[in-house]
């Protein structure tokens, strides 16, 4: 299985994303890689803004989660060089900006889980938590935070 | 110390819980086990719905945290087979759905911490963060996310 | 580089902070140290209370993030004894209590990131997620949760 073949099949190009402030895209300790939070930005512009259950619906949210996932892939690639080195997506936390009464955060974060399974196959099987929140950076509807297991063991 | 003896003493049976979507109950890397977020569901039904400080009080919230903890135990057991293999509860993050002005999230998450100490003794001593949030999946008042250290070291 | 020299230069004294409930300041597994959530308390008193974008502005929030960071340093020191044993600040999650429409959580959490870089130099380079939330324990405007890599490898 080649990750880049899977990405091409579903027409996804990995963008270049770098943190704007005093932190880094991710930090590796042993075979664990901790990735910085990602939102659905493309070329520095938020592609969706608003709250699920008010300005946005579940389908919008899933698309936003998908874009945030692609930014996570960018962060991973920028650190380990080759996404085929991913041995397992360990854990995904998905924060969903929610209007009062919106409780379908898991359906939104499925947008991330489904893409991870498309791209990584069984290596994409992850532990997950889907959470609601009232506000996210710059109005983003979704933010994702991931922990990845990688093959090479630089300590 | 036998964990199942402790559970029986306080009349807790570990249920069977499986994720409904494309993710897994937990992922193990080395001796760390990352558990998916758990809410106070029993047999697929949320036992408490609402916000702390509005529809629910601290005692309800503690009960909800206790039920979510039991679901975490279920997830752990489904992966490692035997809760006696737990060497340490490493970290617990507790999200508490909070009405405006409710600031007693730590008292709610005590429902989880106290149960972990009852069941695991000093192995139940964990790092913790208690947080508020406006919404959680399917109206849950509490969601828990845990990292566990286990004995056997399958890499 | 000596961490205590850096702290003295910017006039920071590490306080003594202990959890009030049934959990611990942090748990170490291998060379990873998981730190309990910290708020801007000093001597048991919250130094800022309120929501960003309403009762508090970004500068207040940055100060609060700075104080919460100092409490994280206290937790780390209480466990490993010497902050010079910190090899890397691995990951920082910053929760910012936000009024409706406030989206500048990253600017608030810069108060933590900048201090970590001042104190630890390049060892302070961390993965980060900045998140909004409606409520935090006891009215705190900021809560921080950290993972640290340390030198000595007691398993």
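Going by the order they are written in, the chains are A, B and C; count residues from 1 in each one.
The rule is short, and it goes like this: a contact is a pair of C-beta atoms (placed from the backbone, for glycine too) under 8 Å apart; a residue touches a chain by one contact, two chains touch by 3 or more.
Note that the structure is predicted; figures quoted are calculated from it, not measured.
Trainee: What pattern do the touching chains form: line, ring, star, complete or other?
Mentor: Contact pattern: complete, every chain touching every other.
Trainee: Do subunit A and subunit C face each other with the same patch, meaning over half of the contact numbers show up on both, or with different patches?
Mentor: different
Trainee: CA centre of subunit A versus CA centre of subunit C: separation in Å?
Mentor: 24
Trainee: Going through subunit C residue by residue, note those that touch at least 2 other chains and give them in order.
Mentor: 30, 32, 133-134
Trainee: Mind listing the subunit B positions that touch subunit A in their complex?
Mentor: These residues of subunit B touch subunit A: 19-27, 29-30, 32, 34-37, 95, 97, 133-140, 143, 145.
Trainee: Can you list the subunit C residues touching subunit A in their complex?
Mentor: 30-32, 88, 90-93, 98, 100-106, 110, 113-114, 117, 125-134, 147, 149
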